[in-house]
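Look for chain A in each of the two complexes below; its partner is chain B in the first and chain C in the second.
Here is the complex of A and B:
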């Protein structure tokens, strides 16, 4: 093994990787926003990747980095699937709150997390009426009749 | 001769085949289903005649098929064709053929026609197998077979509750007897050194001598248990109660099963076990005594019955008592004479009783299902053939000279007299007085027999001509008996729904030829069969070609001079009975009513069958019902409760204990997964 990468240096990498992993797990388990949950899951993967690279450097072969590329590939596929699923779930309930989906269980159980409580308050997003009016040459653009969020029900 | 005997299996097999064809092909044969069965039984009769002619050379057919081979018990399916067997075969198949032909007319139009003939075929198979089998266990098999067929045939009209109850009663009472038979077989197996249950082996000299030394209790117990089985099958006290109720079945069934064949199976069994019976004179006396009690009891009940078939049923019970009286008189010195006398009475009884039942059925057929004698009278002009055939059968039953019953009843009575003399002789048992007493009671019963038979005959065929109203509820439903206290099928209304089909065309007219031809044939037999086979000793010689009935060295050479005293006594009793019934019933008269009023307790007792059925209900049926209810309660609440309690556990565990683990939150699932991985790693770390 190369002698310029000592065990103490490896431990630093492992610690950072473990920190990333732990923070990712914490975020996954405690956040209610679907996208933030996915973000945390990705962060867990990155922690693992860092650990692998560190070990690879430590042992002096390419195994770690090769497997990291495999992980990145898998993460990419997983991202596409996960985001597709999140999109579909959002279309159903118009919200990214995961606690809306806790009905998929034995009927008759009490709700674990009240969807309405503790949720982040829904901030009104400014609609097209707040966009700047850009006059085209000579033609006045048509004014929208309702907020843009009403387009999808 | 060997070849002929080797084909003895045809006799049971042909009716079975006929019955199976009728059963399977009933849908296509429909009202012609009698053809295969009549053909099968008729052919079996021809084969039996051949067997009768060829008996003598070979006694046991060498056709053993191994049925049971358990260590220590080898039971082959083995048939034998000796004198006793071939006589029974010929009689059974002859009567069965005639009854089957009669039934094709009687049961015409019945929707269950194929089923009837299928079971009749099965029955003849069982009965002929019973008499053909060469060992006790095979006999037991066929014994059960005839019981089952009797159940199926008595309960033929199973939608009628009385018929279903009667069939159940017949089967259950027979079962009580079968228990005795089974225990006797077990005992036989235990005590015989060769564990061979065949007749030749068990009833041979050597085995019986061995038993006398090794197991003397068996020598009393086994014949007693065999007689107990015969008590149930042949309707003796105390197990006769099923036979009168079995009149709920169609009349051909009564004629075949409850007159000529099934009820004779018990007599056959006791006769077959003669060597065993001889070793236990106490049991023989018991047999004779019970036969005597039965004959007297049944005759006294028959005196007052108004249902013609019930009179005949009690008459059958009474005559079976006669047969057992003779069998029980087979003490050492008189054995084969007495046993052959009993079997001769069985033989002649089959003919005249079947005849009486069939002509009763003919009367019933013409009266539109009514069989209560109070509803009709004076039928001698309307039903001429039925009239003279019934008269022939009645004369034979009474024991009027020349007719068949005379010769056989005379032999029974003289065997009782001889048994009394032998028992009183120097080396006898000293119980001669008992046999003399039985003899006296038998003469009295002969008088009563003649009386009730004459009463039935005169009430039905003489007096002013009266017919039941063809449109009334009585026809097709029988009449209701006002004093009926019967729990098991009324006395007179038992034959409803018999003829729910197209018999109005026959109302008041003589029966069709399919019914009258068997009547005529049986009438000729009832007249001649005793004369031909009795005094000429043909019957006796034929039956002596049986291993169990051969004269042994210790038999005294009894000088069987014709016993004129008994002949005269029996005839006198018969003529007195007929004369008395003539004076009371030839014309409608108030005298019987007045007599009944004078002896009211006796009359009521006789009318209500001496309350035996009620006694059995109180003693046996009610406790069993209580037991049944208790068992039902325990089953429903205890056993079912236990099972349901056990089935409650998975539901508890699933829904209430482990269900909340699945709460729908993905993060919860992820946390559980992570913790499980951690626990797994910890376990691996600690254990490995």
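Here is the complex of A and C:
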């Protein structure tokens, strides 16, 4: 293990941590699927963990790693409870959309309604008509004449 | 900010602008009359440009080649997979790309000498949390592609806000480059902790104080033994670069951070009970249930 964790290397780690944090925030703010929102929150936690480990290694003590273990624990607890809540919410409305739960907004604010024209058009996936047509090969086996239940053996 | 060179500033603005455009194009929303595939391709191009210019900021001068190569591999992989996580249309793809982010991050942990944490992150995050996510996606999915997966909420404003945050963070981090460097925790035999020495150096160079004035200033600070620098002063503490990593980490956890461990255990316990209580919403069985008043004899039903 190299013993030289220079200040430049620490800056590199902090840059990556900051990028993960900002991207996680972007995913949390813009996606509507509850699961993807929560994944983005977990990504923010990863960015913070990277920052902590970098600082811990730079200053030569264990505090960074200890607190990253705590972050790991907190993320696991948060995942279990949040996913249980997401399941409950799905059971109520049969949808993972977060904009269905707008009645908890502030009293004076209008609900955010997004028109469906804003959705990206779905890419058409080729169906069975595009599967390759295989020619028959080999000797055709003898077809049974009666039902399978009255076998002749 | 006074030490940000012109190249750094231009590169920073280029990174933010191309990243903003790229991620905006990749987020799922309608692009007017343009085809989505074209928008995705342009988005990927812009995001790659932004990634390359972001990693031009990383300086690895006194590092051997293998470390440098692995750092770049893991760092680029983590940021690229992060972009793919937040812009995937299918939540299962998002979960799998997030697993890749976790693997790359644990590689970075391994590079900085946190071996237990690397293994622990892979096991707990990629092994338990993401598998739980996939199970919940299995239990809570609609038939086919849902419309809310193809519609991002206010994509322009969200991208703008997040990249403004990233701009601020990168500006602050890059502005720290030219500062006199505080030493890492390698040296021993010092009377004052490093941060005091370097602060004194900075005072001297910036304000042109004489060394006598520095001595007066530093004498008024608490003595080094009272400052909470556990590694540099305490010879009994387990060093970071010792042979047995897990034993040293365990020693530190259970002596200096015992309360943290206990709190984390209590949190896990509470979360366990909470998740069980939330996720099984059966109606509670009251003692009066099942006793019917004015009922027909139940012997016919029992037999």
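Here is the rule we go by: the second predicted complex is superposed on the first by the 106 of 153 C-alpha atoms of A that agree within 3 Å, B and C clash if a C-alpha of one lies under 4 Å from a C-alpha of the other, contacts with A are read in each partner's own complex, and residues count from 1 in each chain.
Just so it is clear, a residue touches a chain if its C-beta (ideal position, glycine included) is under 8 Å from a C-beta of that chain, and two chains touch if they have at least 3 such contacts.
Note that the structure is predicted; figures quoted are calculated from it, not measured.
Engineer: Based on the shared chain A superposition, would you classify chain B and chain C as clashing or fitting together?
Structural biologist: fit
Engineer: Once the two complexes are aligned on chain A, which partner has more residues of chain A within touching range, chain B or chain C?
Structural biologist: Comparing chain B with chain C, the partner touching more chain A residues is C.
Engineer: Contact-wise, after the overlay, does A:145 reach chain B, chain C, both or neither (first, second, both, neither)?
Structural biologist: Neither partner.
Engineer: Go through the superposed model and pick first if A:75 touches only chain B, second if only chain C, both, or neither.
Structural biologist: The second partner, chain C, only.
Engineer: Going by the contact rule set out at the top, does A:40 touch chain B (first), chain C (second), both, or neither?
Structural biologist: second
Engineer: After the superposition on A, what does A:20 contact: first (chain B), second (chain C), both or neither?
Structural biologist: It touches chain C, and chain B stays clear.
Engineer: Could you tell me if A:29 is touching chain B, chain C, both of them or neither one (first, second, both, neither)?
Structural biologist: So A:29 meets both chain B and chain C here.
Engineer: Contacts for A:104 in the overlay, against chain B (first) and chain C (second): which applies, first, second, both or neither?
Structural biologist: Touch partner of A:104: chain B, not chain C.
Engineer: Look across chain B and chain C in the superposition and give the shortest C-alpha distance you find, in Å.
Structural biologist: 9
Engineer: Return the residues of chain A at which the contacts from chain B and from chain C coincide.
Structural biologist: Common to the two interfaces on chain A: residues 25, 29-30, 98-99, 112.
Engineer: In the complex formed with chain A, which residues of chain B make contact?
Structural biologist: Within the complex, chain B contacts chain A at residues 655, 659-660, 662-668, 670-671, 674.
Engineer: For a test of understanding, state which residues of chain A touch chain C in their complex under the given definition.
Structural biologist: 1-9, 11-16, 18-27, 29-33, 35-36, 38-40, 42-43, 46, 49-50, 53-54, 56-70, 72-81, 83-88, 90, 94-99, 112, 114, 116-123
Engineer: Given the complex with chain B, which residues does chain A contribute to the contact?
Structural biologist: 25, 28-30, 37, 98-99, 101-106, 109, 112-113
Engineer: Report the residues of chain C in contact with chain A in the complex, numbered from low to high.
Structural biologist: Those residues of chain C that touch chain A are 23, 27-31, 36-37, 54, 57-64, 67, 71, 75, 78-79, 82-83, 85-86, 88-89, 91, 94-95, 98, 101-102, 105, 108-109, 112-114, 116-117, 120-121, 124-125, 128-129, 132-133, 136-137, 139-142, 145-155, 158-159, 161-163, 165-166, 169-170, 173-174, 176-177, 181-182, 184-186, 230-232, 237-241, 248-249, 252-253, 256-257, 260, 264, 267-268, 270-272, 274-275, 278-279, 281.
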